[in-house]
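Here is the structure we will look at, set down as structure tokens.
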Amino acid sequence: MFDFTDRELKTAHDIRIIGAPFDGTVSFRPGARFGPAAIRHASDGLETWSPALNADLESIHYADGGDLELPMGDVALVLAIIREAVDECLNDGATPFLLGGEHLVSLPAIEAVFDRYPDLVVIQLDAHADQREDYLGVKLSHACVMRRVCELIGYDNVRQLGVRSGTRDEYTLMQRFQTQACLREESLAELVDWIGGRPVYLTVDLDVFDPSCMSGTGTPEPGGIDWWVFQRFITALQGCDMVGLDVVELAPQLDPSGCSSVLAAKAVREMLLMAGS
Amino acid sequence: MFDFTDRELKTAHDIRIIGAPFDGTVSFRPGARFGPAAIRHASDGLETWSPALNADLESIHYADGGDLELPMGDVALVLAIIREAVDECLNDGATPFLLGGEHLVSLPAIEAVFDRYPDLVVIQLDAHADQREDYLGVKLSHACVMRRVCELIGYDNVRQLGVRSGTRDEYTLMQRFQTQACLREESLAELVDWIGGRPVYLTVDLDVFDPSCMSGTGTPEPGGIDWWVFQRFITALQGCDMVGLDVVELAPQLDPSGCSSVLAAKAVREMLLMAGS
Amino acid sequence: MFDFTDRELKTAHDIRIIGAPFDGTVSFRPGARFGPAAIRHASDGLETWSPALNADLESIHYADGGDLELPMGDVALVLAIIREAVDECLNDGATPFLLGGEHLVSLPAIEAVFDRYPDLVVIQLDAHADQREDYLGVKLSHACVMRRVCELIGYDNVRQLGVRSGTRDEYTLMQRFQTQACLREESLAELVDWIGGRPVYLTVDLDVFDPSCMSGTGTPEPGGIDWWVFQRFITALQGCDMVGLDVVELAPQLDPSGCSSVLAAKAVREMLLMAGS
Amino acid sequence: MFDFTDRELKTAHDIRIIGAPFDGTVSFRPGARFGPAAIRHASDGLETWSPALNADLESIHYADGGDLELPMGDVALVLAIIREAVDECLNDGATPFLLGGEHLVSLPAIEAVFDRYPDLVVIQLDAHADQREDYLGVKLSHACVMRRVCELIGYDNVRQLGVRSGTRDEYTLMQRFQTQACLREESLAELVDWIGGRPVYLTVDLDVFDPSCMSGTGTPEPGGIDWWVFQRFITALQGCDMVGLDVVELAPQLDPSGCSSVLAAKAVREMLLMAGS
Amino acid sequence: MFDFTDRELKTAHDIRIIGAPFDGTVSFRPGARFGPAAIRHASDGLETWSPALNADLESIHYADGGDLELPMGDVALVLAIIREAVDECLNDGATPFLLGGEHLVSLPAIEAVFDRYPDLVVIQLDAHADQREDYLGVKLSHACVMRRVCELIGYDNVRQLGVRSGTRDEYTLMQRFQTQACLREESLAELVDWIGGRPVYLTVDLDVFDPSCMSGTGTPEPGGIDWWVFQRFITALQGCDMVGLDVVELAPQLDPSGCSSVLAAKAVREMLLMAGS
Amino acid sequence: MFDFTDRELKTAHDIRIIGAPFDGTVSFRPGARFGPAAIRHASDGLETWSPALNADLESIHYADGGDLELPMGDVALVLAIIREAVDECLNDGATPFLLGGEHLVSLPAIEAVFDRYPDLVVIQLDAHADQREDYLGVKLSHACVMRRVCELIGYDNVRQLGVRSGTRDEYTLMQRFQTQACLREESLAELVDWIGGRPVYLTVDLDVFDPSCMSGTGTPEPGGIDWWVFQRFITALQGCDMVGLDVVELAPQLDPSGCSSVLAAKAVREMLLMAGS
């Protein structure tokens, strides 16, 4: 029973939640625009206390900045509005935590964060590589977002976990640049070593979860992770310097049971506790 | 039990069905992209014979051109692709019949038809005025489509039927230009008189129907028409010179019963029979 | 809040409810097998009192005989089991009231009743003519059931109300034999005159209702009747000699709101009160 | 696209919206607790302008007081909390407008209003009489709420419109006290005459609408009104002295299309415009 | 394909199934009242034979006592009715097996059983601690039920398995009294040792399962057990002296696939076989 | 994003996909008739590349023969039509790959294949034994299909994997003939040894998957396999001589999330790659 509203920013270590309800480039099944509202609603049924992290949201400084008003039909304008909101958040000394929306919303956020932190590393949890050059001729698409991110910050500074789908070309690319990492316990230790003291942007495409846990997403892909693998990952990253986070691609209307929204809200809770304490 | 596939074009009076599965500017609830597939699927459960029109699809020359491949995320490109397909259809001497998709897909179709028929009149069935100057700064939006059409062909050449929702400004505009017409029997006779021998483009936004009949649409508006009012309208227009048609804004995933898709398919059948015989 | 269970047969004028959960010949969308259970369940939310008929189920002698066990995959056996159950009901001096199941279940019931009442007339409420010679080569199909009935008892002894869909051939047939009747008030008086003192079997295919009222049916057809037209029809028939009734083609899983099941249960209530008092 | 939040109270003629998300006595199908949130959400897709009333919400002084926190499982405490909120609203000189929740939430609201306005009349739109003495021994139930209201303010001061379901006893009661009124145009004029200058509390149980328009309600009852009958009723009441209003029994999860919530939100808009201008 | 109905009680070792369709204190999402009916319905699709337990329901003496009629809106009365039914069951020498309904229905059942078996131990499978002192001021709530049970029979006599959610206070409490046990194989052996020869009441809150297996529950919590962990638990308990059982918190309308109801029915089958043979 | 349509047969090693949309003997919940269409639709959201098999559909020779037109209500005719289609496929030198439909559709396919390959072995993945002698007196039922297959080709030539449900008699039968095999890694090696060089027909009843992965099936059975177990099985069988395949019992309307259809489409992809390369 936590909720994001009515919390005030207090210190420079605060986290600001920013809803980015956009799904305009989704090719298969839209609805990620309803993600932020569903996460807020589902958070009502969860406790503030995390037994796994031994921590409570009551002790974390975060605030919900509400949803951005994003004009469907004008992708460039949408990205500019998100960029501006993240810039403002950083100017205020707060860490941005985006709630998507589709995965493309991560791009302007990462651009803004990279501007401040030139040694940024990006950690991606995702079922899909998102490494296409373009999709039906469109380069600013949720199917291409990590390609754009890699072009911006360099393949060397990106790690992709949970990827199990892509074209042959995308797999060739990932192998050439060795961007893929593994979620096994020993691999997570290596990942944390690799990060070192560098600032981290963590982007979680919820389709990294198996569709059995997360049916409410536009492009489900069988063979994903379960909750405890995610929990272990979050625990492993405690202590890293998180400078930006997002959770994207929840399409709640595809899951009438509401369980996907509950899982997304719990993921947000654990990420807040990991980044904020 | 009719279906659109595997029919060949035969004469200059043929009708070509063109699927336009785009919903990229929809602000409230997306899903109109699934409209064409749902209409085709639902047509399986309907007869080819219309008792009301005393006519049979078996006697009509029409063909299904399938769906256009439309890149979500690039509205300008989408509109260009539709425009090209409608131009090609007209070049082949066929009458275009679009299946949306959102209402914005009507714009390039009407532009193409207007190019050939400068004395074109447009008849709109719709719950909403669609006369906004822009929506959140976007001028090419389904909320503005009839404003763009009126700017193109002149307010004098447009009639709007079934409208029951709009801003105060939109109502002022409709009153100034007297674009609204009524679906009562006597008013339909006036409408047909007003059309005279001029070529007609008929655009049917399915939300003109009451939500009780058509729950599967993005922006339902209580107080709409039922099937028999629509049937009467179609019967009244028999004999008019139809040079373009569309049926838009079916969002089938919002209606798990499938009845909205059945109604849409039946509307398409009646429109084919009215325009093609 | 009435329910069908635990009622005992008392007199020769009793009505026996027989569930016939079969949908094996349904071509488009199955699920009518779940009809009887849904009607029973929905009856929990309705009163026993009918303000329109000024009568109460508490005063009617009827009993629920439960559902027949019908082996999907063997149509001939299914029809034989239904026939036997209706014969047994008639032998016990009770009036059969079937809950379908698809419309084909009416055939063995009408056969059994016709055996006792050679001057039987059949009144059909239905969206579809059901007058096909065969469907994909199958003659015992829900699309052909009234053709079989007419062959059995003669076209002259059948009246069809609410029909709005059929092939050209079916319409030709209905016109030749003048089987169609109308639901307007004055036409209902003519219908009752035509019946005279003859025994009546009433078969109600629920798709006679408009899909707005009855979305939970396999083959919805826009343009149907609403509740009050049905109520007027039932009131008009009070006093006729009902010797058999059925309500068929409820497919409840197609209507997640449950309203179709409630309407079906209310229709059953009114028919029980009309036939039993 | 109106929304209830972030509006400030300005004058003594203001209206205050109070969410009462309680459904603890619902016997058949719960879910009315989700009504207030669904109405707020659906209001996003509606205009502020009403063509029927020629009025705009922008000109009305109203505010959304948010939802009360109501402890399921303690009916007495729930009623006390609602009573206190309505008292506070009246103390502030504002008119209460409750969003239910089940119909029982009207009782404490009417008690509070009656305390200030001893000549109060109550107008009820409803499918059900709600005149039971008790339900399974429980006297504070949504099935008994109007009995309790009538006992409080006197049967003479209550009018019930749209009722089409009840027990024989409830109908006897309504006939004895002549509480039923009709929604035909001429009857509405009589109703307004009967009201005269007296203060009015209007309670709208949304199941007064036909299930085709309003499938999202716990106890749907076939044979109800459509939108235009409601619109005519609202128009007729313009000019009456409204001192309390509510809209109850929306159970949105029963209507996956969302159309019931849209209708409820539009009803709230028209009632705000009727009462506030 | 087993079903609960029409079985007769024969010996003192019989089990009696008692439906307790109550969800009046559920704070988040109601619907557990539909649990008993859904379990009965789903049992139709399951075999009577359990390969895991090598046993068949045909050999077990159990009977279905049907559902209690529970008045929503009067929690005290509901608890008294359940208490009376369980007392009667025990008086008849049968073991009670409740089908919830929400978790609060376990309280009167445990009270009745504890009255007969003062050395009772209670084993709880649950995602939530249910150890709150009160919930929004209400002490008889499904969020507090195990606190009430512990107060009654002593913390020492309770073991909680599968708990993964609670407030910080609840976790402190569970640690102080060491009520938590683990579902690993070796821990199950310890559990059975701890039980010794004492009589056992087993209460299974179905949300102990991961939401991927059990989406149809009011408060799903990611990170739960799967079927085989449950099966192993049941196998481990064979031979214990079961004197009361329940399965609670199935909310079937939240899972349109029906898989949650099937899992619940299979859990009931295994528990019947474990307790009855 | 692969799709089955518009691919041409090229060589004798081609695979031909044949849709068999029949569910006429399904006893519990119908809908498998919608399986083929759902698999085709879901295949749009998947890549052609399989990282697990290191292979691409672009390199495989297969074609989609579309759906057979199967007359519900005449099982014998349905089986004859399927038989004829598979015979024709084999005559053309192609390998049949059926998309069900219910499991009974495997029978005529196996008959046709067995006619050509008298040393055929059949591998069945399934939750249920399907070894009943008859079901409610019907011998050609999806509950009996493997009994019929075993009678045809001999129990010695059948292996059943994933079975976890059956009657006591079915389990006795399976133990007598030792038809059950295991999906553990080492057991798969034994299975491949057992196959040797013999031709294989692989029939996959999708309910072999756990309901958490595959809720869209008529008779879900808790305790099934997950994606990776299936993937391992497919990898193990690479190199075997596949002469026939099918995927049956997807009932997509039971899974509103669409994830079951996606899993089924991905299973088809892996099986195509395994059999075709």
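By letter and in written order, the chains are A, B, C, D, E and F; residue numbering begins at 1 in each of them.
Keep in mind that, in the parts below, a contact is a pair of C-beta atoms (placed from the backbone, for glycine too) under 8 Å apart; a residue touches a chain by one contact, two chains touch by 3 or more.
Only a predicted model underlies this, so the values are computations on that prediction, with no experimental measurement involved.
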Longest centre-to-centre distance from chain F, chain (CA-based): D
Selected from C-F, A-B or C-D, interface repeating A-F by over half of its contact pairs: C-D
Euclidean distance of C-alpha centroids - chain B vs chain D, Å: 38
Centre-of-Cα separation between chain E and chain D, whole angstrom: 40
In chain C, residues with contacts to at least two other chains: 210, 212, 255-256
Complex contact set, residues of chain B against chain D: 28-29, 164-168, 171, 210-212, 215-216, 219-223, 254-256
Chain B-touching residues of chain D, taken from the complex the two chains share: 44-49, 51, 56, 210, 212-213, 226-228, 231, 255-259, 262-263, 266
Contacting residues of chain C [partner chain F, same complex]: 23-27, 30-31, 33, 69, 71-75, 77, 135-138, 140-141, 253
